[in-house]
Amino acid sequence: MNARARNILGLALVAVVGIAVLVLTPRLFDLDVVLNLTVYMIMAVLALSLALVWGFGGILCFGQSAFFGLGAYAYAIAMFNIGESTAPLLLAILVPAAFAALLGYFMFYGRISDVYLGVITLTVTLILFNSINSTAGPEFHIGSARLGGFNGIPGIPSLNMPFFKDWQIDLEGMFYLSTASLILTYFGLRALLASHFGRTIVGIRENEQRAQLLGYDPRFYKLATFTIGAALAGYAGCLFANWGSFVSPTIFGLAQSAQIIIWVIIGGRGTLIGPILGCVGIQWLTAALGANAPSGTAGWQALLGNVPLILGAILVAFVLLVPKGLVPTIADLGAALGRPRTRALVGRTQEAAPR
Amino acid sequence: MSAALIETRGLGMRFGGVHAVRDVNFMLGERELRCLIGPNGAGKSTFFKMLTGQLRPTSGAVLLRGEEVTGAEPHEIARRGVGIKTQVPSVFDGLTVRENLWLAATRMHRGAQARAAVDAMLERVGLSAIAPRLVGQLAHGQRQWVELGVVLSTDPDLVLLDEPAAGMTDQEVLRTVELVRDINKTKALIVVEHDMQFVRMIASKVTVFNQGAILTEDDVEIIMHSPVVRDIYLGKRAAV
Amino acid sequence: MINRRQFLGTAAALAGASAIAAPAFAADPIKVGSLLDLSGGLDIYGKPMADAMTFAVEEANAAGGLLGRQIKLISYDTQSSMQLYTQFAQQAALKDRVAVVHGGITSASREVIRPVLDKFKTLYFYNTQYEGGVCDRDQFDTGVTPAQTVEKLVPYAMKKWGKKVYVIAADYNYGQITSQWVKKYTIDNGGKVLSIDFFPLDVTNFSSTISKIQEAKPDFVWSALVGGAHISFYRQWAAAGMNKSIPMASTTFGVGNEQIVLSPEEANGMLVCYNYFESVKNPVNTAFLAAFHKRFGADYPNVTELAMGTYQGFKLWADGVRKANSVDRMKVIEALETGISIDAPSGTVTIDPPTHHCILDVHIAEVKDKKFDLLQDFPQQKPLDTAAVCNLIKNPNDNQQYVIKF
Amino acid sequence: MDLIALLAIQVLYAIASLALISVGLAIIFGMMKVINLAHGEFLMLGGYAAIQANRLGLSIWIAMLVVAPVVVGVIGVIVERAIIRWLYGRMVDTMLATWGLSLFLVGLTTAIFGNTTAGLSAPLGSFEIGRYRMSVYTLFVIGIAIVVLGGLLAVLRFSRLGLIARGTMQNANMAAGLGVNPNRVYSITFGAGAALTGLAGGVLAPVSGVFPTIGAAYVAKCFITVIGGGASIVTGTMTASTLFGAVNQVATYVTTPVFGEVALLAAAIVLIRVLPQGITGRFFRRSL
């Protein structure tokens, strides 16, 4: 059937583009471009983690940055104590996942939903931020790693080939790793969503009651989704800690959480490619606005260089005018142009949160 | 004793001061078909919600094949073979008809088997033509059929139908009747319905609810002519 | 910790690339990078510094530029975000290929960009007063350190008010380490620190702290509070009528123009100690202020300590370039290590070769009606704290921030 | 003894200020089931309104108690017309849109006022409790909180507006039943909520100072207080802020402000877990 054909075509396209970026960038561009792209790729992985949890699982998580931060900190702390990056890398995934599993059990099995979920995830993020932010004193350290409070942890050793301590990854290696991670994450999630599990979580998002009356336990599925998302975010955090070789509490902050949600909104809930585009677009915009900002600029220029202003306007505009986000809207337009149906699993409901 | 597929003992539900259901002792055998009738607010839907675990009874017990399931989670009860078609069609609007049925069928089968089951069910409820459509875009009647298909796809032993004929055209009603009879060949059903014609066509035995309690329980013809029932309920619908 | 070999490799490849990609004509301008927070929570510090940098560059260009080339200022707004500090530092070093980077405000931001610029062999000037201890041949720190200010202000305040001190400080490197210095000098002068309380930069409610202080009954309070939110402490302090009964000394008050934001009733009588005040009397300063106000308007609130640090940082680097007659990183470093010295608005400022910090004048002043009255001058103070742990002449490959033990 | 008195006042103050900053949000949430994430910025705007008015020579009292609520109230009505109205029934989208609004307002105020903390000096001077001195203004804030909540209670209970409001709280159509256009009720409600928020912002300006990003420090607390309080406006706000305020202040005194915050947040999580519908979702159901 042609829907499936288009589907495969789409996947192939993504694969080609992804691999092209992976292979060509370092050959065509200067190192600074490569480095910037590296961080975009890392953030895109983070965007995908929320795309899964919120866009498909329907779980509004204001605290995705908490897992991102936990991953980064777990890696940094473990790295200073162990020095060989295999275990730290795993910890960066396991710690956030475990934390999410606990929190998720607490929330989902406590029948807490949509807005209240938002409140709790938000609150947890703030707790982490406040706590970590007030650990500047020398008394706060885990093993040989000082937490550093507001200043964070600078000079984090970079990843090495598993079990080969001296075979450390360099800047280009970092780019290859991040880009490959993004590509694999994308296809991994596509596979997950095509699986029975994936369709079930979408079903639960669509109609929790019905899913339950069919014998699916929403609490379990939500918990699983939440945990997978956290693990992914933690992995992104580990990459981020490598990219800048520092972590600081701001990655727990509200601003960070806001960013992630904005990426997903703009790209579109219920798609994977959308959040990636949204993420890269916004990141690029933020950096572009900040570059070459001489002092004493005129009022209106100041407004243009004013990142929160622009981001805020974008967010409001999208919620009001393009609530589904770019990709689904474009897909719908495509559908409107005489196509019988587009990807059915694209979120059709106005409200992504479960009813 | 073991004959009973589902049984309730002194089942009761109170919201604050209100007794929505009180002391209901109900019993249904394997492959039996029962109609529940009674005026609005008689507690029929509440009763259903307790059978399916959507509500936790404030008193009494629900037993499936002699095992107590009182206050179990809805999905647990569903997994023990109880399927319900709710009053307002409850389906996955964002998914296609096929995906709706597939999600239900995969509770029992996997892979090719599931796909086969889905195709069969599409045939059975006459939805093959619109299988790729999004359910959210279908008409009310069609969504009713989708929900029926979804419920049956999980292959339950007990099917609860809450006003299946509501908002259906006459020949849709007839098709429903056939379907119900067909289902009843292999499964037990409890049907809540106002339309007495419909009840007459499918049921032999009828349970009458009134003010949250079972008023009486008897053969459909007798119920039809019982003055008491007539007074509390059928009075206004005698003409039907 | 960091894999040197790889980075050297990269850097070498890079140098090669740049040699091919951008052959330097004498004509094309010298690029100077500036990384400062012009938005977000820290721009109260960043904006004045950016203005000073703009002024310094324009002044230099008006005077014919450097080595006959014009200077092009490339200014980045890091938006108080650590990620952007990294990103822009990379951009400045690799894309713009700037000759030097001036900037960084908090120690956090400095420690984020320092490794990046080391990595890509780009000279780095950090022009903010800070807690001291950074030892890195690739970097110069033109701001004052505790040994230059705290060491003077503590005994002065103790002589004036008494020996019992209550310290409140911002909860990060600067606050933590500075308060340690305060404690050290208080004890050295036979005084006693009653308590040290730390506050994250976003705390705005100090009511319970104020009553704790009242309980402790110190002779004076030492404030190392930082940032916009902490201004509310001074307000609440005054509102409780405490500024009448317990005086206050600080080496952070005024850096964010607090003395202008607060009313005289709230701020008067506070003792501070810095390298630069507008009220410093010397011809260079008079000329500077005249020119600066001509550029940024007569109503420009105040040239802060940090702004002056930035201005002087640029001047020092420029002299280094002239002396080296090149913008090459190593040549400039060696030139600066000869102990270059300039006549700046704050007085003579000299590079201290072993530490890459500055020898400069400091002044104790008192807040008086939104201005600073100079009380006492301490000419040519050395960065003794850093000197105690850091000698880049002896071991030029040293590269870390020492946390000085007491 | 005097220490006890001092602490008592501080706890009262913590409660009062929490109630004051939350009540506006509570009105909007209780009546419209709208979570306004730009609430913190409304507080911030109230602060700036008061300060600017005062700079223009108005008495600080007029500036705080009249100008601030009026200005922010008007802004509230505009926001309701421009954004909220289009998103009714889409709780999450409303949340996101208002979040965008909050970013926008932060950017705008930064562009206008810059990041330097503006502020008023608190009037009324200070008084002594035994060995301690304390700002009289603290008592004033407590007083304002009492007046606001009391007044609100009276309005809801006795005025026609209150009747309509309660009606709308039960269900939106009821307002229509009372022959009132729900849209008008909504924009009035939102305006009123915003106005009270502006008032709070104005009143707290002298205590905490005002800068564009200060909203972030408030919004989470308000958010939590309202959710924790549950549907009924006055009782919910009062009970929740009493609980959280006390927890916060005590923890702060015993340890540090940071731990005070954390304790508050932790308490909130537990509360929501135990009472997902908030305090008034379980107790005092019929209350306002």
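Labels A, B, C and D are assigned to the chains in the order they are written; within every chain, residues are numbered from 1.
The working rule: a residue touches a chain if its C-beta (ideal position, glycine included) is under 8 Å from a C-beta of that chain, and two chains touch if they have at least 3 such contacts.
Predicted model, so just to flag it, every value in this text is computed and none were measured.
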Pair with more cross-chain C-beta pairs in contact, given A-C and A-B: A-C
Separation of subunit A from subunit C, taking each centre as the mean of its C-alpha atoms, in whole Å: 36
Chain centre separation (subunit B, subunit D; CA means) in Å: 49
Computed distance of Cα centres, subunit B from subunit A, in Å: 43
Subunit B and subunit C: spacing of chain centres that average the CA atoms, whole Å: 76
Multi-partner residues of subunit C (at least 2 other chains): 39, 47, 171, 198, 200
Interface hub residues of subunit B, defined as touching at least two other chains: none
Multi-chain contact sites of subunit D, meaning residues that touch two or more partners: 110, 216, 256, 258
Every chain pair meeting the contact rule: A-B, A-C, A-D, C-D
Residues of subunit A defined as touching subunit C within the complex: 30-33, 35-36, 39, 130, 133-134, 136-138, 148-152, 154-155, 157-158, 168, 170-172, 243-246, 248, 250, 255, 286-287, 289-296, 305-308
Of subunit A, residues touching subunit B in the complex: 3, 196, 199-200, 202-203, 205-207, 209-218, 340-341, 344-345, 347-349
Subunit D residues touching subunit C - in the complex, by the definition given at the top: 3, 6, 10, 13, 110, 114-119, 121-122, 125-126, 131-135, 137-138, 206-209, 211, 213-214, 216-217, 249, 252-253, 256-258
Residue ranges of subunit B in contact with subunit A within the complex: 52, 54, 73-75, 78-79, 83-84, 86, 90-96, 99, 102-104, 106-107, 110, 132-134, 136, 150, 154
Partner subunit A, residues of subunit D touching it in the complex: 35, 83, 86-87, 90-93, 95-97, 99-108, 110-111, 216, 220, 223-224, 227, 256, 258, 261-262, 265-266, 268-269, 272-273, 276
